[in-house]
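Heads up, the next two complexes both have subunit A, just with different partners, subunit B and then subunit C.
After this line comes the complex of A and B, so read on.
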């Protein structure tokens, strides 16, 4: 029982990272109308950039800043590619955006595995991850580190800010209008491309923050991490129902907790197999998602 | 025959078949990556059967194809008419699942893989020639089958499903059955490729069947042209061949180049290099030459 409680505590921080990734993915899907499969690859790329800057300058804050900046820049400069494809929406279907995103992921993953650290996994300094400090709370097997609390708090804050933005501001109203019906939104005078562009910037910001949180949580990164996360994020959003924001929150958090629990009970490398099997069974049984899709 | 030429010809043939395996379910608008997972399953099956039980090549090839088909059929019962992205995620999950299972099992060689898969024929030159003949017969056979399928009423039904699901439904086409047929077919092609791959490379490891292979096949399919079966046939030799001409330093950046090609083709010509209209034009020209005779 104590193992279960301890793993649930660990899973909360992992789950909150998934929640941020899935929310950004869903936002891109609803507002920019693309399936950005490789969005987590961009996040991992910013992790590498922040590692590079941290090693070069020795300053953690500069590293965090550069991670956020690189994610925003990368998302904004790739936006015209997707928007060009989306303009021909009549001729090509939404699959094309996913294939373009996969191409982007191929390029970035290959660059990561060639250029940085000769292709070996990178490790973040202890100053950032806080591994050298004693845990804040320790009760039996349950330990809560400073990093976990930072991750949980900041992801809650960012999700709240995002939902405030979506439901209380003018931009958010435009976002929701596009998500509801692009044609009607165009009729009432919402600029589709410009609003879509805003969503790229916002998700870039979110991705940058997530990359820093992931660096704190995992303490290391490898080139294959992006593909792995991309697969998990797409799986979560399909299980929750594509474009279902609240569903994504629930399933993302559940996946994190579930993975942590499995890690507590199965030997290290088999735990992935179990979580893939469960994912597969759910998708096969409910191909259209548990909570219904908005697309 | 030199080793480079042998590998170029045989791997090209495998990529043609694998791109066709992706092309078939795309007829009904599904990106079905199960064929890559089935390639891994059948390759391991072939390796184990040949190394541990010394079964003959012919039986292994047939059994591997059937295993691919059966797995594809079982999966297609659940996702025969599922939306595209559910199909995508099932394929990816299978690929990752097979990878983690193989890496964890000592019997399958772990992350090192299986070596020393026996030659089919004793002499290495005749072995290579034999394998090349077999795989090109398979390419020809599969190509003719796909061509016949496209011209039949089933091919037209699949085309209708892709164009408009409602029209397909109201004209009495069973969408789920068509999806199941194409997915099963695609998976069995994947299984066939896996067996051939194991015997051609003579050593396999989990690294051979990762996300990269999906990327390469998707590039070949989309660059060649998603709407005709001739696309992969032209694109696979070109795309697999051109990095061999490049200077050695650039060769390791192959995947980056593929990614750039993929994005460029989607931006400039989303239909791919070879379109249906183009093929019609060529056919008409050909007719004009033939008819006066």
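After this line comes the complex of A and C, so read on.
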């Protein structure tokens, strides 16, 4: 029983990271109208940047700051590529933007595996991960650390801020209008490109925060991590219903809990296989997602 | 500006959608404070013309002068900010959002005096006041059309383009909507209204023009058009 409780807490903290990634992905899909498959790769890139800065400066805070900064910058400077595709086609072109995103992901992954740490996985200092401290809960091999609680709380706070932004502010209102009907949004005078650009900045910020939380949660990163997460985020979004923010929230958390439970009771290395088998079944049964697609 | 002074001048305007000619050498002058009807069957080019005035379509030829300034090629948000607003045909509102959100979207680019404008709009449409928090998708067809028109008022427009407001509504509701449009015109808004069913429209308008396959084929005051044999045969079904 204790194992189950601990794994649920573990799963919630893992799941909340998925939630942040999926929410950013959905926001870009709804507002910027792109499939940014490689968004998690940008997040992993920011993990590498923060690792690099932490090692160089010895400062955790400088590392955190540079992670957030790098995600925002990377997201914003790549925005014109996607926006150029959209402008040229005169409308949303999800296929072409997906190819652009994949290409971007491959380049970044190559950079990560060639430039940093001679291609070996990186490990974050204990000062950040808190691995040197005693865990809060310990049940056999299973532990819940202080870091995991921090991750869970931070994710909740960021999701709340994001939903507040979406539902209580002028920019959020414009986001939702574009998400419902881009043509009509244009007719009421919402500048599509400019508003879309804001969504790149906001999701960049979200990605930066997520990269720090992931560094705390995982304690390490490798060049292939971004791709792995990219699969999961896309799968979660499709299973929840593409562009369905609430659905992404629920399914993201569920995936985290599911994976943690599998890791708790079975061999951890099979959790990806099992998760994807379950997702395959769901997607065959409900092609439009559990919560319905919003695009 | 005095009455009778023109607020919008369209000269030699042509628009192609890909290779299809949707507007063919349109010349049109709209006077400040008037209600002008665009009459035409499906596919005549009414929506194309309105979206071109709004800047959503970029025409291949011609010019559009709004208060003597060229607005062709300007962005929609620029044109909306400067006082032209479109009430689109069909859907017209964001159905996943509340009535209040829809109204505030109307003021997205004209953020001055929003509380005051809301008050005015609610005075005009008391139904909407009661339903501020309601999701627009759950409104009746007539209420939705009212919301779309009310949203236009939130942007402090000088010209309101209203695209086929009667589509899909019961006749009694249509009368209602036309009364509202007439009342807005009486309050000084310049209105361009597009309609297929022209009898009611010409009754409340001062002038009308008839569009056929992208061309203006008739242009005159409402009475003239109502008595025109060709118009009668084609559109009034008599």
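The criterion applied here is as follows: the second predicted complex is superposed on the first by the 280 of 295 C-alpha atoms of A that agree within 3 Å, B and C clash if a C-alpha of one lies under 4 Å from a C-alpha of the other, contacts with A are read in each partner's own complex, and residues count from 1 in each chain.
Here is the rule we go by: contacts are C-beta pairs under 8 Å (C-beta built on N, C-alpha and C of every residue); 3 or more make two chains touch, one makes a residue touch a chain.
Since we're looking at a predicted model, the values are computed, not measured.
**Student:** Subunit B versus subunit C on the shared subunit A, clash or fit?
**Tutor:** fit
**Student:** On subunit A, which partner touches more residues: subunit B or subunit C?
**Tutor:** For subunit A, the partner with the higher number of touched residues is B.
**Student:** By the touch definition at the top of the document, which applies to A:189: first (subunit B), second (subunit C), both, or neither?
**Tutor:** Touch status of A:189: second partner only.
**Student:** Can you report the vertex angle at subunit A, computed from the C-alpha centres of the three chains with subunit B and subunit C as the arms, to the nearest 10 degrees?
**Tutor:** 90
**Student:** Once the structures are superposed on A, label A:170 by its partner contacts, choosing first (subunit B), second (subunit C), both or neither.
**Tutor:** Only subunit C; A:170 stays clear of subunit B.
**Student:** For A:104, is the partner it touches subunit B (first), subunit C (second), both, or none of the two (neither)?
**Tutor:** first
**Student:** Is A:134 touching the first partner subunit B, the second partner subunit C, both, or neither of them?
**Tutor:** In the superposition, A:134 touches no partner, neither subunit B nor subunit C.
**Student:** Looking at A:180 after the superposition, I want to know if it touches subunit B, subunit C, both of them or none. Which is it: first, second, both, neither?
**Tutor:** Second partner only.
**Student:** Name the contact category of A:276: first (subunit B only), second (subunit C only), both, or neither.
**Tutor:** Touch status of A:276: first partner only.
**Student:** Minimum CA distance, subunit B versus subunit C, superposed model, integer angstrom?
**Tutor:** Nearest C-alpha pair, subunit B versus subunit C: 15 Å apart.
**Student:** Common interface residues of subunit A with subunit B and subunit C?
**Tutor:** none
**Student:** What residues of subunit A sit close enough to touch subunit B in their complex?
**Tutor:** Subunit A reaches subunit B through residues 35, 81, 84-85, 88, 91-96, 98-100, 102-107, 109-111, 114, 227-228, 231, 234-235, 238, 242, 269-270, 272-273, 276-277, 279-280, 283-285, 287-288, 293.
**Student:** Can you list the residues on subunit B that touch subunit A in the complex?
**Tutor:** Residues 29, 31, 75, 78-79, 82-90, 92-94, 96-97, 100-101, 103-104, 211-212, 214-215, 218-219, 222, 252-253, 255-256, 258-260, 262-263, 266-267, 270-271.
**Student:** Mind listing the subunit A positions that touch subunit C in their complex?
**Tutor:** 170, 173-174, 176-177, 180-181, 184, 186-191
**Student:** Quick check: in the complex, which residue numbers of subunit C touch subunit A?
**Tutor:** 51, 54, 56, 75-77, 79-81, 85-86, 88, 91, 94-97, 101, 104-106, 108-109, 111, 151, 155
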